[in-house]
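Worksheet for the structure shown next.
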Amino acid sequence: MAELRTEEFTVNMGPHHPSTHGVCRLILTLSGEKVIKIVPVIGYLHRALEKICENRTYAQCIPVMDRFEYVTAMSCEYLFSNAAEKLAEIEVPERAEYLRVIMLELNRIASHLIFYGVTAMDIGALTPFLYGLREREGIIDLFEMTCGQRLTYNYIRIGGVSKDIPPQFEPKCRETIKTIREKLNDYEGLLNENPIWLVRNKGIGVLPADLGIAYGVSGPVLRASGVKYDIRKDDPYSIYDRFDFEIPTRENGDCYDRYLLRLDEIKQSLNIVEQALDALPEGDIKAKVSPNFKPPAGEVYARVENSRGELGVYIQSDGGKKPLRVKMRGGSFNQLQVLPEIGTDCLVADLVAIFASLDIILPEVDR
Amino acid sequence: MKLLKDIKNLLIGMRITGKHLGRHAITIQYPEERWEMPERSRGIVVLLSDKETGDLNCTGCLLCMKACPSAAIFIDAPRDPETKKRKLLTFTVDNALCCFCGLCEEACNFSAIKMATMYEFSEPEKEGFLWDMKKLQEVGLDVDYIDTRKKKPAKKVPKPATDSGTATDKIVPDTLDSDAKQTPPAPEPDKPKEDGE
Amino acid sequence: MTFDELKEYISANYPDDMTLLDTGRCEPFYEVKAEKLVAVCKRLRDDEQLKFDYFCNLGGVDTGERMEAVYSLASYSMKLRLDLKVILPHENAEIDSVQEVWPAANWYERELWELYGVNVKNHNNLTRFLLPDDWDQGFPMRKDWDAPDFIRMPEL
Amino acid sequence: MTYPLPFGELHGVFGWLYELLESTGLPQPWLDVVRYAALGALVFGVISLLALFLVWWERKIAAHIQQRFGPMRHGWHGWYQTVADAVKLLTKEDILVDTRDKFVFFWAPVICFVAAFLAYVTIPFGEGLIVADLNIGILYIMAITTFTIISLLMAGWGSNNKYALLGGIRSAAQLISYEIPMVASILVVVLFVGSMSMVDIVEAQSGWITNWYVFRVPFGPIAFITYIIAATAEANRTPFDIPEAEQELVAGYNIEYSGMKFAMFFLAEFANGFTVSAIAVTLFFGGWHGPFLPSWVWFLLKTLGVVFLLMLFRWTYPRLRVDQLMEFAWKFLVPVTFANLILAAWMKYAGWYW
């Protein structure tokens, strides 16, 4: 009997696929269900944000930054403001720094809550998605109360923040923190020890630390592989050196560890927000910055730790009121780059789990 | 024993979802019910009118147009050659371009433009997003705001050092606060205008 | 290692390869000659005192007269930061790929090639990726780039 | 000559209709044709209504688990939302792929629907409320529901879409694997009843609640649990919904179907969900037996209870991977069910159980 002929076949996963978190296209070569080769194709969300920034004044760049990585828009705003402040050597008032930290950390929690829901959904559990978004809603309400928008905040400005928090912010914020702490038990009960969740995530998509380092992976993905590297501690910006928090790390670097690590980070961020609320000083919320803000000629690369790793911006100024060059760097870019390395030789279902656990957000990749 | 542990954890999951089954929904039925938007909520751009005279507050200084990051505002306000004052002819906002950043509101020194809390302005045609002065004024009529204008065109006061709290970028002289204090009928500008929901 | 120490260390150990630029206010920016780039990068990565094993960012800059490629590096273990700058001619710019030093540079170099038209030598996969596959309108991040449907912000 | 009428407590209404039919004086073969056609239409109506109801119910349950409202617009809590959806699907354009295998593509949803529909023939909805009390009732259902595999495979193949093909192949592998533990669990009950007739099985559980096979410790509960796991897989529901895993295969085998063809798959899926629950009730929960209420009400209540369990599974658990699914079936469920079967047989032989 003649041997059965088998053939590899190519599948386009995306750009419109439910689990590519936006419009990423992965060209998969499959042998049966096994993924042999992955070629990521990006650029579907390319909006030329960098070119747009070159066309706008520094103050006008900040709303553009919101669109760069809209899940944690606060950190993008902070990043750009920070870089501009570094260029122009502006001192930011104490209260503004505290407010910034509160917002950054709340936004990190919101982002991780989305991660929790989306990852669960990609693996087939639909309910955690709604639970994750429910708690995120509380945080978004806080943002809306403070700055008026729910997604594109335009809150953190060069020299400070745009508005002071309203009086009811603090009690509501503490209440939200309490709720999230309570609900974390539900989250953990639903998934952490669930045998199906365990078999789907444990040992899947292992990212060895050296591979992660070679590919410039940062943030929770790298920390789940055991590299204790967090810009908040290692290259402190803002006033992070005043807070008492830990950098959680995990050893295995698989999907499960990346998931657990983010839950740990939520807890740490809650602590930071509480400490910041306790220590919130009175005073100005914005340094005097002219609307015709013109930093002196120079260049700077600033970076912050956001929920997807290192978020960096390189600004070159020629002394004009518009930046000569803005180059943004998001953690997802490198994490998508490493996906072909860790995603091959697994099943399609695992690829989905890995993709979800890397927490890639496409606007950050495509810019 | 692993089997028993697994079954226990599966049951815990069922308990959590079952527990939620009895709770009331946290969502609302949108067109019938609505959230109350917070005061600071940035919705549609409106032009504000004077509460007494009913005229537009806008002086046509072009500050908002310059501040707009997406060039959604177009103002035509040529200077009158005699009086050297600007006369506002057109004020058009393209809501399809607007990115709701609120920079125009902050740039304005005359309480003339505001992002109201309204968020329902969908249109069947793209042209419908182009709101002219009349429409902007109409929509802005019932928008509550705190008038921070100078009552009279005051003399130039040197920069006060106490511009704090309200962190709005001001191009034209930072005299507003001090001026407002001098004119009793004007409301307190220092009071944060976004008090509560 | 503080920045001053880093500067001293570099001026002591890399006197011919790296020139300190005055532009950097916060972290040191160094100029590296294009032909020495890969060798310097390799040394920086393998240097026991520096260990620049983290490739943060590569951004191209078009200043109008010249091209620049700015490499932002960091070190996971030594907690250092450093920026390298390679100055290139505006037209027909060529640069060596640092992929063998940091695999992470792959996509950044593709981007540099695609958006600025800087030819990256020894790159394994220099294909379009941010722009459409059939893009034929030049290099959009260049300052002099223009296209019929490209609208600049009105100057006010 | 009298015919056994499958209407049980509803005999009055339907008996009258049948007498009306007889009074027309048609010859006997024609009468049979009319009678079975009418029964077919009745079953069709029931299955459609049930499926529509289940879709609505599932959406409501899911919504309330997730603290949403779910459908609220059409009628009280959106009760006829699914009717509206069905009408929409009926009137929708049937988008066809040029490269499809025309014959296979067309017949796949039909077979799927017919298989789901035929299974209802031997389900005893109430006392005497059964279309045909075959003496191999349960075997018949098992045989008929297996047709679903063929239809899903056909859908996967006929769509000429790689995702659909993967879905079809996955479904074939899954359904064939889970058929075995399912049958082995059912056999435990059949062994004790000594009959494959659905009515006999239900009758064997009459009397006290302790007569239900789910309470016959130890084999009863084990058989029920293994059955419900296998049934979840048979009905293609999370955590075993890999044939249409939407996060992996977008929609699996029905990715290229639209309009009414999709609706047929959709309704058949819910009809299957109801079938497996009905079998569970018949086998383990005493079928229509219950005090006070009419028998068919009891049957429906119990069945909806089991359906609710399936829904809770679906909205709580993540999805298994395809190889883990197979592993679970062959390495865990099959040994467990067979061990259980042997245990039950031995107990029966030893006379420890009645």
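Lettered A, B, C and D in written order, each chain numbered from 1.
Methods note: contacts are C-beta pairs under 8 Å (C-beta built on N, C-alpha and C of every residue); 3 or more make two chains touch, one makes a residue touch a chain.
Here the structure is a predicted model, which is why all the values come from computation and not from measurement.
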Chain occupying the middle, per Cα centroid: A
Chain separated most widely from subunit B, comparing mean CA positions: D
Between subunit B and subunit C, centroid-to-centroid distance (C-alpha), Å: 41
Distance from subunit B to subunit A - Cα centre to Cα centre, in angstrom: 28
Length of the line joining the C-alpha centres of subunit A and subunit C, rounded to whole Å: 24
Intercentroid distance (Cα basis), subunit D paired with subunit C, Å: 63
Shared interface positions of subunit D, touching two or more other chains: 65-68, 315-317
For subunit C, residues that touch 2 or more chains besides their own: 153
Residues of subunit A whose C-beta touches two or more other chains: 56, 127, 131, 134, 190-191, 194, 196
Complex contact set, residues of subunit A against subunit D: 9, 11, 17-19, 33, 120-127, 130-131, 134, 190-191, 194, 196-197, 199-200, 347-350, 352
Interfacial residue positions of subunit D with respect to subunit B in the complex: 61, 63-69, 72, 312-313, 315-317
Complex contacts: residues of subunit B adjacent to subunit D: 10, 13-14, 16-18, 20-27, 29
Subunit B partner contacts - residues on subunit A that touch it in the complex: 56, 59-64, 66, 127, 131, 134, 137, 141, 144-149, 152, 154, 157, 160-164, 166-168, 186, 189-191, 193-196, 284-286, 288-292
Parts of subunit D lying in touch with subunit A, wherever the complex brings them together: 62, 65-68, 162-163, 166, 170, 238-239, 241-242, 245-250, 315-324
